[in-house]
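For reference, chains read A, B, C, D and E in written order, and residue numbers begin at 1 within each chain.
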Amino acid sequence: MSKQAVTLALYADPDEAAGALKELRNCGVPGFKMDDVIIKSPIDHPELSELLNHRPVYIQLFTLLGVLFGPTTGLVLIASAQASFIYQSRGGRPIVPFPPDMVLTYELFILSGVLMTVISTFIAMKLPGNRSPLYNASVSEDKIGILVKAKPENIPQIDEILGRHNPTEIKGDHTR
Amino acid sequence: MSLSNLIQNWQMFRTRRPYEDQYKDAPYKWAMVIDLDTCIGCNACTVACYAENNLAVVGKERFGKGQAMHWIRIERYWGEGEEMKTDFPERGAQYLPMLCQQCEAAPCEPVCPVGATHHSADGLNTQVYNRCVGSRYCSANCPYKVRYFNWWNYPERAWPNPLELQLNPDVTVRSKGVMEKCTFCMQRLRAGMDKAKTDGRILADGEVLTACAQACPTSAITFGNLADKKSKVARMWKKQQVDLAKNVQDKTEEGIRGYRVLEELNTYPSIVYLERLRNFAA
Amino acid sequence: MIKHTMDRRDFLRVLGISGAAATLAGCGNTAIESGVEEVMSYVHPQDFVVPGIGVFYASTCTQCGSGCGIMGKVREGRVLKLEGNPESGISGGKICGLGQAAVQAHYNPDRLHTPMLNMDGGLVPISWDRASQILDERLGAKSSLQGDQIAFLSGGMSGHQRVLLENFLDSYGSKQHVCYDALSDATGRAATKAVLGTEQPLWDLSKSRLILSFGSDFLGNGVSPVYMAREFAKFRKAPRGTLIQIEPRMTLTGGNADRWYPIKPGTEGILALGIAHDLLQHPEFSGSVPQEVLDLVKNYDRETVSDITGIGADSVRLIAAQLWNNSPSLVVAGPAVYGHAYGFSNMAAVQLLNIILGNRGKTLQGQAEHPFPQMTPTPGTYRALAELTQKMQSGQCQALLITGTNPVFTSPSQLAFSEAMKKVPFKVAMVTHLDETAGQCDLVLPLLSAMEDFGTHVADYQPEGVEVLIQQPLMEKLYPDTRGFGDILLDVLRKRKADYAAFPDYYSYLKAAVVKAKPVFQSEESDDRFWETALMKGVIKWQGKTTALEAKLGALEVPNPRELSTDYPFYFIPSIRPDMRDGRHAHLPWLQESPETMTTIVWDSWVEIHPKTAAEMQIKEGDVLVLQSATGSIQAKAYLFPGIQPDTVSMPLGQGHTQMGRYATGVGANPYKIMDAVFDAHTGELALHATRVAIRKTGDNQMVVKDEGPTNVQHGQKLVATLSADQARLSQEI
Amino acid sequence: MSHSVHSHPQLDVQIERKFVPKAKDLGPDVSWAQINKDVLRSLEKPRPAFWIIFFSALALFSFGVYCEVYQYQNGMGVADLNNPQVWGLYIATFIFWIGMGHSGTLLSALLHIIHADWRKPIYRYSEAMTTFTLLTAALFVMVHLGRVWQFYYVVAYPNERWVWPNFTSPLVWDATAIGTYLTSSLLFLYMGMIPDLAICRDNARGARRALYKFLSLGWQGTDRQWGNFKVAYMTMACFLMPLAVSVHSIVSTDFAVSQNPGWHVTSFPPYFVLGALYSGCSGIITLFIVLRYVFRFEAYMTQPILNKLIKMTFAIAMVWTYLDLIEYATTWYGSDEVAKADLVYRATGDYALQFWGMIFCAMVMPFTLLIRYVRHNYTVLLIISLILNLGMWLERFQIITPTFAKSHYPWTWTSHWWPSWVQWGMVAGSFGWFTMLFMLYCKIFPSVSMYEVKEMVHEQNLEGKLAQPVSEHAHEAGLPEGGQA
Amino acid sequence: MSYAKTLLLWFLMLWMGATTVWAEPFVQGGPIGSQTSDGYNALGPVVEQPIEFPHNRHAGDMKINCMYCHTYARRSNVSGIPRLDKCMGCHNLLPQVRDKPRIKKLFEYWDNKQPVPWKKVHDLPDFVRFNHERHIQRFYFQEKRPVREVCGYCHGDIASMTTARRVKALSMGWCVSCHEKDHLEKVGSSVTSHGPNDCWLCHK
């Protein structure tokens, strides 16, 4: 991978940030892709995310896997345990009774669904991970940050585009 | 292994108990008949049970709190139905020896969280003390309330030296926090069944008795093997037209006395009581 | 099988296979252990001794006088449980709760295990050497005691213990073997003898079609409850007999009655005469009855009887009709009948019915003559104690030996027995527990328990011929410093009489004596074999012949009972609990905790009172009442009990101990102490049912500890179902 | 505050003025930076009341611990339980606590799914309440076991003995359901808290910073993180709602599965779920008032939000009342004589006081919520919410005790059974334990969701841009009113 | 985004769940007849006995049948420590070893008519009922396995020890692992059955 530099611009107004993003989209800087733009914000801004390339979310696929496999293996586990060598017959009920087993199967359905969701989410969010060196605490407060990765030679051009939309601050790390 | 076991024996695992002829091929099914007409309420069975099964004497204060440990108790009722209709109990008292009914569909069994109580192959409602965690759900669900919980650590208190020398080594002394109940004197049955197995036979009728049945001066308690059709208890069940796997008994004749207590709750008890008789002409 | 005692003793030693201490750990020990517990093996045991398997030994129960044959299950040298001995004609393999509890008397934590000497007003433990020395000084060869200066006070006693005891007294020339039984039935016996010619006839319950019981608790605490219960079971099989019970307070037997009548205490004789009046209307009954009886009975027509007894005229007719229709019948009576100032005539009037009904020879037999009359049980009487007390008061009694009875606890306070005891210079108690009487003695000797000692017994009521019952140790003695009753007497006797030198211990004496009796039992076995068989079976039987009963009918005077006064408006009935009896078993926790069946109360004394009476007096369950008699007062909680005559209150005997160990003390109150000094005119016995009391509320209310819940009816559930007897299909077997 | 009706002659105007204008949940002048500042302040310096509450809770908890140690050493007998009365307060309070937990999920999950934005300032603490009530409930399961040291036998774990728990037992269902619920709620709470933990991390120093840094896992609020986060959060919410319903249904099967009179009722599962929501909602009202005062959250826990909460509580209370009455009605018209007798016993027997107490506290008292004064007076509201909760506790006592006192078997009936001080001590201790944990949580973690309140403000601003606020009640929002609790 | 990682994790979970069902109890009994420690840290402590009884001499060198001394094993729950006169029966006739210190001790006990206070080495918890009789009857008399194999399965190779030492786990899972297996009913018969699986057979 070729050497890349990073720059971060902070905006107080989401509309300005949107303006910056729109301009970046059409800037035509050679080698620059929208995939290299990352928005950092205190809240979710779907209207800004739309300006980036579509980034699919696969979490629910894993959730589906969880809710399919969790209860089936759970039911087999429970029934097998009930039928194990030291089976214990209970008056009035079969040794492997379905209605009570369904209760636990249901619980396992939920549990595995939740666990799979959480695990896949963390993987998708790349958490736990390190913050980028350009992380600015104000993006967790009230600023919207636009972080752009580009070749070092393109940075001034991008900084200029970002600077046109009243950023409160532009900071770059050009050493990487 | 377990999965193949599950598939192979599927039919057995899905069988709902009790069913007709459940014990047809089994060597043993323990059962009892208690004749309320000959029970005189003398408490010999109660004391015999204390002696045989290491039951703790709890003392006055705890007895008063309802923490007694008698596995078999003699209940004494007056009158008929809701209240006593006469000033005096003209027809005597009504004595009822109440012990664990060893239900075939025991309400206590499915609710135990750890499986400390379950149904044994010879039709007993077992209680495994060292598995018990003391949730007391079984007692909550027992319609007869014949399960007894160790509210205190009786081994420390109930047998001051040298009373502990009397303790039956074949029966565990239960520690605090476990449920206990009548076992039909499992230790006696076990020893008898082991001996019989060594001899390659099954136990003869009357060879092993529970402590209460053995002590009972009027022989009001008949104990035996229901699977053995020739045993006295099986003949009595048959004669009294009580079917183990039925919750409503069809009686073909009048004057047949056998019934099971709270049968309508579908517990299928293993103890048949014979109605008390009174000569109302007297 | 048993060769010599050396081996036996080894077997009986307590050994540590899964030792008792470890058993206590119970669920506590949850791990596999190595090298923690000890496991011992026998040195030289019998071949049949297998560790882990119990061996049964035959013996005889000494908890009451019935003489039931028992078997003790012995494992690893410990006796674990008692069962009935099937060889025994009396127990027939069955056993009552009282008998079961004998092991608790044996293992009781409060058992006396050293001799004690009264020094400066308190009992202190001493060694056996010292105790023997004192015995020797006071009673031995150099003793100056002569004749009736020495007295032996015991409970009912039979077998070789009695023989030895009387030989012992003989060596001083004393005839003072005083037998005291707080629940003496001497009046009843005397009256029965007067009418039927025998004190204790045999009842054939199973043959009777109808039993009419006047307050006889033969199933609970009669003369032989286990045997009676066995017979009663047969009586209930087809053809089912009917039990009619008439008594002021419902006993255990009354609870089993087909018809139960509450009667005014003390009027049973009048009712019996009233029934006789009805019966004698029929010529086939009156034929054999002398004129004086007919004259007597004539006055007791139904209405008169009904007025006096509180039993309706219709009921009198009904009872008579039942007796008339159901022959053979049996009329029995209990302490409620003879416990009055006119108890003798009351009882005689009741027994009269048996003769009128012609039950002699059918359901009533005379007991077989016993070949060893010196071994038969001595009936305890109150009169004997009263006479002894007088002698003690007057200083005639110089030495008093006591065993098997506790008069300080059971004698009524007006007798002042414990004061009289202070006048006796040397008092020795031979006991297993330090009871109230032993506590006042100078020397207390710890006895072996019934599970440790040898002995023979003869039952008071011998249903199947003649039996000599053998008692043998079921285990090695728990405490080295305890001795057998026979051994103690022999120790002294050997010094006084040379011919006892041949017997180093009671065992050898007993064996010799039993073997000597072999010819009577027509045994052809060798001496040793005879003895071994006797030990193995626990009983020596001899087919005795029952004797015929006489019919002595004569004039009777049955007075109306003393009217209740306004000062003491209630009849007081001391009820006898089947398990506590006179209080000698109050130290057995199993019995304390087994609910008294009629009330289901445990660990306590209580006052039974009819709910109607209670409602009138605004008494609730648990109200602490003061019972005031002319003699004294005690307190107990009220219990509302429908099975009692409304003018009557009742309280169980046996509780209220001040000594006798942790389980007996601090439980309930002792009704003996308020007994009025009323005696039977004929026999001089204390009339137990003749006390009158007043009731006062203290305002205190305490919980009545009982098994019964807030309700005692079935609330529509089919728990105990009752069927009319004529509808039932009964057979002999089921 | 009432609208002057008489000054408007036309009815339609009245309607418009009264109903169309909508009070804003938050005040108009809350800025994002201000939110950070306010919430982070709650982690630093609460009012002194915080410490009073915390230490009294600690004292109560210590007493509870003493009771448990005493019971552990001597056996369950010290609780004065007995043969028919085998459960006593332990199970009653267990149900109470597990019920308390359900409204947290209602607020955080259900209202999230249906986009009811007013939940945003208050869902965090209610969810924390869920977690801690579950912990407290689990404590009672332990406390009531005779051999608590063997509690792990109830859990299905592969073991050397090859013995499994009994999967047919409602208690095992309980254990699994509570385990699932606790795990899921904890994850849900934690997931939702990650952006806020990042804020804390960015503003804290020292050990706290290390803690938040560890917990925030390096969250930096990128668009990818937000996108995934939103989807995952919604997915979990969809799981949590049925889970909450199933958990309390399962708790109800502890009773409904058994044969005891008064328990063998088909309507128990919905009845229990609604009872749970009911007590949970009144618990949330209580905590709302407490937190608002202790942590100075007046700007976020506003009157309009409280109003909505109260209306919801009232609605749930009415459904619960209906289900309760239906239970009685079906028993009454049924032919199970024993159950009928049990019902009569409840209303007239030894525990009639508790029964009618429950009826009063839980069925009658909710109607006071209709009074505007009550809704606006925090002190009164606090008391009423506590009374509602007392009513719901009594309801659980009512389920357990009379049934044991009068079951199928007349011989073992009890009268006047009453728990011993040990049981009461442990009930008190559980309140201490919960309050202590909850207060500790609020002191360490942001109990108002900062990023979601920001979203709320953002959306209000967007709305504001589209149209000027029409409400004349806007001034109500965010202003403390009717005194402080 | 790593699908691979997620899938791996998922199958790990699946596998763990499946293992719990399909796996045998974690403690294995080892093959029937194994006489040494089964390697599950089941070796018990060394127990000091009043007399250091040389099992290796009696059972090992002299090849005495275990049940010659532990005679109760075939007819009682407990196998029993041999009674003292059993020891004396032989040792009275063996003057050549009379002077050895251990034998001297033995005679001391005999002369005093004192039982020897042996320490229990195989001591199960008090709630467990183990029946020697049934195991001996089944495997020794019916199945005719060698006695050292039958006894050794639980007690290890006693013939190689002096005083006995516990070498097997004797835990419930260990017991169950054997009960679960099918054993021949009789020598020469092809009918098999497994040990009982009812709780009350072993728990009292």
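One rule holds for everything that comes next: contacts are C-beta pairs under 8 Å (C-beta built on N, C-alpha and C of every residue); 3 or more make two chains touch, one makes a residue touch a chain.
Bear in mind the structure is a predicted one, so any value in this text is a computation, not a measurement.
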item	value
Pair exhibiting more inter-chain C-beta contacts, A-B or C-D	A-B
Greatest separation from subunit E - chain, by CA centre	A
Most central chain, Cα average position	B
Distance-maximising chain from subunit D - centres being C-alpha averages	C
Subunit A-subunit E separation of Cα centroids, rounded to whole Å	60
Between subunit E and subunit B, distance of the C-alpha-averaged centres to the nearest whole Å	35
Whole-Å gap between the CA centroids of subunit B and subunit C	32
Sites on subunit E at which at least two other chains make contact	20-22, 75, 77, 125-127, 171, 176, 199
Interface hub residues of subunit A, defined as touching at least two other chains	76, 80-82, 84-88, 90, 93, 100, 120, 124
Residues of subunit B engaged with two or more neighbouring chains	2-3, 68, 73, 75, 77, 96, 107, 110, 115, 118, 129-131, 172-173, 175, 178, 191, 262
Inter-chain touch pairs (all)	A-B, A-D, A-E, B-C, B-D, B-E, C-D, C-E, D-E
Subunit E contact footprint on subunit B (complex, rising order)	1-3, 118, 120-121, 124, 126, 128-131, 170-173, 183, 186-187, 190-191, 194, 197-198
In the complex with subunit D, residue positions of subunit C that touch it	707-711, 713-717, 719
Subunit C residues touching subunit B - in the complex, by the definition given at the top	14, 17-18, 20-21, 23-28, 30, 53, 75-76, 78-84, 93-98, 100-101, 103-104, 107-109, 210, 219-220, 225-226, 229-230, 232-233, 236, 240, 242, 244-245, 250, 252-262, 318, 322, 478, 578-579, 589-595, 597-598, 600, 602-604, 610, 612, 642-643, 646, 662, 667, 703, 705, 707-708, 712-730, 733-734
Subunit D - residues contacting subunit A, complex	31-33, 36, 156, 162-164, 166-169, 172-173, 176-177, 180, 183-184, 187-188, 191, 194-195, 198-199, 202-203, 217-232, 235-236, 239-240, 242-243, 246, 250, 253, 451-452, 454-455, 458
Touching residues on subunit E, where the partner in the complex is subunit C	44-45, 47-48, 72, 75-78, 80-85, 109-110, 113-127, 165-166, 169-171
